[in-house]
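The next block holds one structure in the form of structure tokens; read it before the comments.
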Amino acid sequence: MTKKFVANFVVVENKPLNATNFLIKVKSDSTLPPIFPGQFVNVEINDSKEIFLRRPFSIFEVDQKENTLSMIVKILGRGSKKLTEIEPGNQVSLVYPLGKSFTYPSSTDKVLLIGGGSGVAPMLFLAKEAGLDKTQVDVLLGARTKEDHIDVEHYSKYAQLHYATEDGSKGEKGFVTQHSVFTSGLRKYDKIYACGPDGMMRAIAKVAKAEDVFCEVSLENLMACGFGVCLCCIEPTQKGNLCVCTDGPVFNIKDLKW
Amino acid sequence: MVDLKVKIHDLEFKNPITLASGTCGFAREMADFFDPSIVGGFFLKGSTLKNRDGNAYPRMAETPAGMLNAVGLQNKGIDYFIENIYPEIKDYDTQLIINVNGSTVEDYIALTERVNELDKIRGIELNISCPNVKEGGMAFGVSCPGAEMVTREVRKVYDKTLIVKLSPNVTDISEIAKAVERQGADAVSLVNTFLGMAIDAETRKPKLSTITGGLSGPAIKPIALRMVWQVANAVKIPVIGMGGIMNAADAIEFMLAGASVVQIGTAVFKDPLLAVQIIKELEEYMDRHNIQNVNDLVGGLQM
Amino acid sequence: MVDLKVKIHDLEFKNPITLASGTCGFAREMADFFDPSIVGGFFLKGSTLKNRDGNAYPRMAETPAGMLNAVGLQNKGIDYFIENIYPEIKDYDTQLIINVNGSTVEDYIALTERVNELDKIRGIELNISCPNVKEGGMAFGVSCPGAEMVTREVRKVYDKTLIVKLSPNVTDISEIAKAVERQGADAVSLVNTFLGMAIDAETRKPKLSTITGGLSGPAIKPIALRMVWQVANAVKIPVIGMGGIMNAADAIEFMLAGASVVQIGTAVFKDPLLAVQIIKELEEYMDRHNIQNVNDLVGGLQM
Amino acid sequence: MTKKFVANFVVVENKPLNATNFLIKVKSDSTLPPIFPGQFVNVEINDSKEIFLRRPFSIFEVDQKENTLSMIVKILGRGSKKLTEIEPGNQVSLVYPLGKSFTYPSSTDKVLLIGGGSGVAPMLFLAKEAGLDKTQVDVLLGARTKEDHIDVEHYSKYAQLHYATEDGSKGEKGFVTQHSVFTSGLRKYDKIYACGPDGMMRAIAKVAKAEDVFCEVSLENLMACGFGVCLCCIEPTQKGNLCVCTDGPVFNIKDLKW
């Protein structure tokens, strides 16, 4: 049992990162509880006739001094679109903090973090929070083209950044699983973390499993509540159907049926 | 101070605001948000005799002012509940009502007998209306003989408060209500979800793994309210009302229509603190309207 | 160019997008907004044998993603229609279907016989499902014997296209559909409105003069879609689908579920030009999905 | 049969007239059809989860050169509230022009126009459009207090303005039917027009009937469509139930059952 909250935040920043991704930073007027990489918030979409339920987004950055947290929102459908139109000064209601976080690496671990699409957010959060030297941390980001990548250069103080694009316009050409960092063998890593499209995570999991490397992935699926009561967000696992919102979203690939 | 206490047979509720089955887990999930003793009670997640994995993903689809679900009564079975969950929640200072589901009368009886052992569960809600699985008993819930039969048999083995939860997917819900009243139900609760469906026009596929699922949320409120009103006028036993309650006004409307207790369902997904808020606003409403005792609201529709 | 033509028995529709009874007046009101020949057809406002004043005000209440109405089949009677309205609309180049209502089988028969005289009305929609008045025939529409009887008797006197409009306020709508099919209905249309209710918590009064009324609009779409799908799988005659259609995607979902023709109802109140827009978007959809003939969409749900 | 339209207008002005009334002016990018006093528009309320149907508002002023029209919106419930929050530059969809207008006075008529609450709008529109000399036109406006009156002084070029307030804070104290302009006898007027709360109009109609003076009132009730197809907006009349939206909103009191 961890205390969870429903609260109004004020939007303090909403800036486009590229054509479809926005960084939205919100501020609370009270102290935030501890929040860990992998956890998410469930956001109420204001003033939309079409949207009934909240929408879940991973937490990207937290500033415990400023009581702010931010998320990277990719426009997928109606709710995410509407959310990216919110203006600074407006209020937004969050249910938070939700879900289990990634297992933190130990201080001597070498880790690989792989992010695709909006899965970049929790990977960068983890890179920053892991407390490791940047030489211990490889971050591999995949996207379709240069334009689909967002600018994360300032994370180079926490990690070594690698890029893959399907058209070769930034970093190596191909999927993340074709990137030299990935293909040169996963055994050199103590822990691998991934967040992104299902197909990407499955491909990563397959290799990690074959090479027997610890690997956690963060799943996304359709959620109604986000806190474990509706049982809509299930993932079939070795332990039966588990809720992505409370038993996850982070899962060790050993537990999945992939 | 207004008096919010209501009684359903032997069950005393400190206030009429409770949480609906399948939308408040086993109460402990809600305890992450608020002190469970604040609300009138929890109708726990539907239980079956044995473990059930439920239906395949995807299990939900958003609809205009509502949602469809096809959870399919996923639960670990009554033994798991008794051993692992009950000890954790039994001392909550509120009513805990267990929601009982079966595919045969024997299932319902066996489950009831197990529940009977539990001191702190003073009532059951007999779900004969889940549209998503055979084990949800909707086969019983949509005909009078079916509803009568299962109520009668369960009544034989259960002395505490027996609430029968009715399906709205029927021509005349008050007939079903009268049928279960005749067989000794202490109260009826309504409505369960409406059988609905959603299609993705682009992929041309159903949005739910089960094609059809149960519709809940504000979309169904006008129909649910009508049914509560009809049933309250047809039976003498208390009525527990639900279906799309999103705020205090909605809860009050159900009470005016004849519900002694109301359940908040889908709205909890949007606002886990809603029940707490509604209790506050109900008190304010009663103050404003000069109503001392909440029971005076029940059936208070003016015509 | 895609082919939008559909046929229901003898009725040829230039496209499957039509307007629902009670929401498009007698078609001429819509002609203030667009050329009536654009749409597939109009299901005219419910007619009765004699003048009916309808129910008292207030007759409508807004609800979450929908509305309740309690109009009560206000109309000036069939003679007035024949003398004053028919001449004005009969040359619209589109299908005009009259919506026929009675409180006895004799009413239905007499009305049908009058309508039979009208050259340009090539089909009737037998409304056995209006929840707001006795004359709406809901008493017939909620039981198989009732539905069979009125269909059989009307069939005897009517050779043109006979569509029976079904009530959703039943346990098993496909049973009713099969019953009217057996008695010779050429098509079924569904759904009519759901019986609902609204209360004003502050005044503690019902919002409608009749207490209960008919719920329509997007709120009911998931249930209506499920019923269309069930009925389309149960009968061989064509199905005309409606209930909460607000845009082209909704219309397409009904067709995928099995509707050959769809009716736009309440949405017309929000956007009188909607049907015209949907026809355009339906063509675009078919282009995008490489569908030449709209009949290929019908029942095209992929499972 | 008159052509009616569904069109998006751009909000060009939204200004508070007092605590609860707002003047909202909207502009079309095409020529407006002829619009007459008494007619109304049915407005879509954007971005509100709670509101399903449009909301009807009388047309207050029309500028055929600028293609603008305006309405006076009083905050009554959720929809009117939301509408008064709309910002200039935003779009709003109108169905228009709806309903029948007042019978125009003939050029020698002496007329009395009585407005209460938001009923002021069509009365002032009529005063302006009637084409009479200001000496022929008395406008009597009623409200609870001075603050509830809106500033309409610029209409003094079309009419003689008279005020009533319940607390006497502006003009004469009392209801419009207690105002000297009204109590000094209605027979001096050829035509009386009224728009406002039901009770006010009924009181006016009673006297007008007794004194046998031509009197038209503009009714408001709950509408679903606004163009005559839903039959929700009925008023029981001598000719049976008529639709306020198409047979009205303007009715001669002789036809009503008052």
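Note that the chains are named A, B, C and D in the order they appear, and that numbering of residues resets to 1 at the start of each chain.
What we mean here is this: a contact is a pair of C-beta atoms (placed from the backbone, for glycine too) under 8 Å apart; a residue touches a chain by one contact, two chains touch by 3 or more.
Fair warning: this is a prediction, and the values are worked out from it, not measured in the lab.
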If a chain touches chain A and chain C alike, it appears here: B, D
Centre distance in Å when chain C and chain D are each reduced to the mean of their C-alpha atoms: 36
Whole-Å gap between the CA centroids of chain B and chain D: 48
Chain centre separation (chain B, chain C; CA means) in Å: 34
Sequence positions of chain A contacting 2 or more other chains: 49, 51
Junction residues of chain B, two or more chains touched: 63-66, 217
Touch-based graph of the chains, sorted into line, ring, star, complete or other: ring
Chains that touch, pairwise: A-B, A-D, B-C, C-D
Contact set on chain C toward chain D in their complex: 22-25, 28-33, 45, 51, 53-54, 57-67, 69, 71, 74, 217, 266, 268-273
Chain B partner contacts - residues on chain C that touch it in the complex: 63-66, 68, 142-143, 169-172, 194-199, 201-206, 211-212, 215, 217-223, 225-226, 229, 244, 246, 248-250, 252-253, 256-257, 285, 300-303
Chain A partner contacts - residues on chain D that touch it in the complex: 47-49, 51
Interface residues, chain A side, partner chain B - complex: 1-6, 44, 50-54, 95, 221-222, 224-236, 240-241, 246
